[in-house]
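Provided herewith is a single structure, encoded as structure tokens, for subsequent inquiry.
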Amino acid sequence: MNDRYIAGSTMVDVQSSADSRNIPIQKVGIRGIRYPITVRDRSKEKQETVANVSLSVNLPHSYRGTHMSRFVEVLDRFKNEVSYHTLDHILMETKRLLKAEESHVEFAFPYFLRKRAPVSGMESLMSYDCVISATYGTHLSISLRVDVPVHTLCPCSKEISRVSAHNQRGTISITVGMNKLIWIEDLIEIAEAAASSPVYALLKREDEKHITESAYENPRFVEDVVREVALRLEGMPGLDSFTVEAENMESIHNHSAYAVISR
Amino acid sequence: MNDRYIAGSTMVDVQSSADSRNIPIQKVGIRGIRYPITVRDRSKEKQETVANVSLSVNLPHSYRGTHMSRFVEVLDRFKNEVSYHTLDHILMETKRLLKAEESHVEFAFPYFLRKRAPVSGMESLMSYDCVISATYGTHLSISLRVDVPVHTLCPCSKEISRVSAHNQRGTISITVGMNKLIWIEDLIEIAEAAASSPVYALLKREDEKHITESAYENPRFVEDVVREVALRLEGMPGLDSFTVEAENMESIHNHSAYAVISR
Amino acid sequence: MNDRYIAGSTMVDVQSSADSRNIPIQKVGIRGIRYPITVRDRSKEKQETVANVSLSVNLPHSYRGTHMSRFVEVLDRFKNEVSYHTLDHILMETKRLLKAEESHVEFAFPYFLRKRAPVSGMESLMSYDCVISATYGTHLSISLRVDVPVHTLCPCSKEISRVSAHNQRGTISITVGMNKLIWIEDLIEIAEAAASSPVYALLKREDEKHITESAYENPRFVEDVVREVALRLEGMPGLDSFTVEAENMESIHNHSAYAVISR
Amino acid sequence: MNDRYIAGSTMVDVQSSADSRNIPIQKVGIRGIRYPITVRDRSKEKQETVANVSLSVNLPHSYRGTHMSRFVEVLDRFKNEVSYHTLDHILMETKRLLKAEESHVEFAFPYFLRKRAPVSGMESLMSYDCVISATYGTHLSISLRVDVPVHTLCPCSKEISRVSAHNQRGTISITVGMNKLIWIEDLIEIAEAAASSPVYALLKREDEKHITESAYENPRFVEDVVREVALRLEGMPGLDSFTVEAENMESIHNHSAYAVISR
């Protein structure tokens, strides 16, 4: 029996009770909740997808806990437009509802793009893993990460071998801090241009021949890939900072080669 | 306050209470426990690794529950020799301790093999995911699964392209039901021989050249791979049944090609 | 240089070449492709989600390979209505395009349901992992799997303890073979009724009190859970077969307890 | 045919060729290689486990690539003693072999500890995920992360409910930057003391009763957990910095609650 129990409308608010340990907490919130969201799309205006979401706030040293259910209320209200232009509203509303000085959100989701095969022109959808993160303390800070699967062919293997060269699927991850809208599509194009070839969901034989031959003309180490992306990102309008990462699922090994540049 | 509470040595055994729903349960047990185990090794006799373990028994319709802690007791006692020759002891002891008619175990673990690079002869370790499963009802039944990473080069891409061919890392999974000891190493050798080339942890330039060129001479679809493995498994002594699966992480797509043969 | 190369419109069809190994392949296809799909919804008619898709066919012993790109063509054409009533079209079209005798599809996706908290009535979305699998050889065979997260409270811990009882999140997985439409929502309701309590995305304090107290009145082992589901599934119209699995992420251990019944 | 090919002993070293893009790379290396390693153990001196390893170096702007195979050579040489006292050798050898100014290693592995159940005294093994990271540029910097599974009981649920309280498995992750050896075991003890109760692999009924009742006496929010750990870490000898993270797999939700403190 719990003798501290107080019935009905006068339930104790344990979270709001005072805390004497004198330790502020940077982030407290929820993680791993899946929600359908609508995101902005460069060509179709909007697209519906499914996100894995985190929401959090700071907690001053004087309070024992935060009110976790309010994060879900915010998420449910804003799920129909998650975009560069609404993140400030989401973050301010989170700060207000949670009575916090700083709020954070993170949406991780697959983003779909209709692509045409290079020769046959046949269309299909490619998916790209994206993460939008944003923080609002005294000012708004937004970052976008896009993981772009690509094809890479090894320059060393090409040089030293009589014929052919080993190649493989790799992933180029670009993360940008931005002060104006940067499209997911723009980052995908930059990544694909830095690889030996883009990859596609649907390819006919004439496309396969084209990719095989053009990749052989464009051999790239992971080191080449991150440098090529860095060159293209420098001076991009709206960009505050970037990190470029390339990881190859090496086809002659059972481990990856990777390279990272941060600015 | 729990008025059904009975102190100390006379605690109620809820699990052993009668169940009137009249429904037997095929399997009840524990899953997802990690334990260090020692397994048999063809060349070194023994190797230590870490397994993800499941243990279960059947539950007759007349009992409400099983005694989960006893599975961990069995595991702790037998962890130092998990092999073809001890599985019957593990399973019989599980049946006895849990008062069951049928018992099941599953050990999933990485297995390490020292391999020499094909030209330089340099040595390093490759890891292979393995699963040993066994069941003891009226008789003992044992199966072994080995996942072997390999290199595959596309026959179609080679045929239609002026130069080169796309290639990638793939995985060949062989699962065998066995009535006498079959070595993990034997299945690895069969899988590697069916691919365009084995893969290695450590390769020098002369090895990379060798693999690139020899894979180009041995192009293989996933369909070729499973058939080649099936041919080699047929008539293998000690083998009751098999399933061969090949999955290529296609380097020109962001999805896999796969093929399966079961006998 | 590849001397077997034949230019342009007369590229060799390597896949269609004859195979002399005399081994038919049960399944050959693609796996791990993500696609946005539209599924049927009991209350809203339709919902959009994102699926991880596999498609495959059998391959007679006389052919060397299948034409993988055609699977993506089928998927792209049918993505806007994946339902009990369209699966036969998808499978027949796959058989026709791939010239096969048997075809298989699998769609794994999160499904969202609007739920009301039990006391406050506040609404939010819960996600449930679902898998629709279907095969068409001589006849159509369809199965549906739903994973339902639930709350379970341990009957043994309740019995033997002076106060409280350990409880945890668990997952109940129901897989049914069906000969007429069975709604995802129906299986979710059956699973939730068999647990100590449903779980929710959004709960206010009055809801939390309600769940805590009602779960204490409904203690359930994994063994109880699978039996309760089995009782409710027996005699369900449209159901050919079922498997019920319950897994608890035990809160006093770092492993799971699980139980399985198949009929 | 590759006309740049030069036979045998005079193969071109593509990686060492000059790069004119003028972009240094922070990290280039290998990732996702599994290797058996031996780590230091407070009570047994040594324990064997399996690690997922990353190794990398910086690459000056003037070189095109690094020599990936040398990372595996270093790993193979040092696998038998990965400890606080050997990390500087591993990192210096990596710098030397790769001709780099800075080197990085990361070993992620399960660590096993023999624990006694609190009442019955029965022994079993618990596994803890650990990550050792280290960097050597001008000086050595080492960090250790330990993920400790624990039991947490909700203070709010206890306060507002007539009986019982929801509880769940959670994970406390402690990451420390250290300038002298800090034992994995010390961090595990700190984490377990901050939770409602430790968790165990093997518990008898008297242990289950003890944990149920004592957790009810020690209710803890994720906010309490990170503050309790922070209090215990402050002033710990050898510690330069720390991050404490707590994540509860909430048993009344299908998402996690989490909190983070960094110093």
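As written, the chains take the letters A, B, C and D, and residue 1 is the first residue of each chain.
What we mean here is this: a contact is a pair of C-beta atoms (placed from the backbone, for glycine too) under 8 Å apart; a residue touches a chain by one contact, two chains touch by 3 or more.
Quantities reported herein were computed from a predicted structural model and do not represent experimental measurements.
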item: Equivalent-chain rotation between chain B and chain A, CA atoms, steps of 5 degrees; value: 180
item: Interface composition of copies chain A and chain D: same or different, split at half; value: same
item: Farthest-lying chain, centroid of Cα atoms versus that of chain D; value: C
item: Whole-Å gap separating chain A and chain B, where each centre is the average of the chain's CA atoms; value: 34
item: Centre-to-centre distance between chain C and chain B (centres being mean Cα positions), rounded to whole Å; value: 24
item: Euclidean distance of C-alpha centroids - chain A vs chain C, Å; value: 27
item: Chain B: positions in contact with at least two other chains; value: 1, 11, 33, 127, 156, 160-163, 201, 203, 205, 209, 253-255
item: Residue ranges of chain C touching chain A (in the complex, touch as defined); value: 1, 11, 13, 33-36, 47-50, 69, 72-73, 76, 110, 112, 122-125, 127, 163, 201-206, 209
item: Touching residues (chain side chain D, partner chain A) in the complex; value: 1-2, 4-6, 11-12, 14-15, 19, 21, 23-33, 56, 59, 64-66, 68, 155-156, 158-163, 221-224, 226-228, 230-231, 247, 253-262
item: Residues on chain D engaged by chain C in the complex (per definition of touch); value: 1, 126-127, 149, 151, 153-154, 156-157, 160-169, 197, 199-201, 203, 205, 208-209, 211-213, 215-216, 249-255
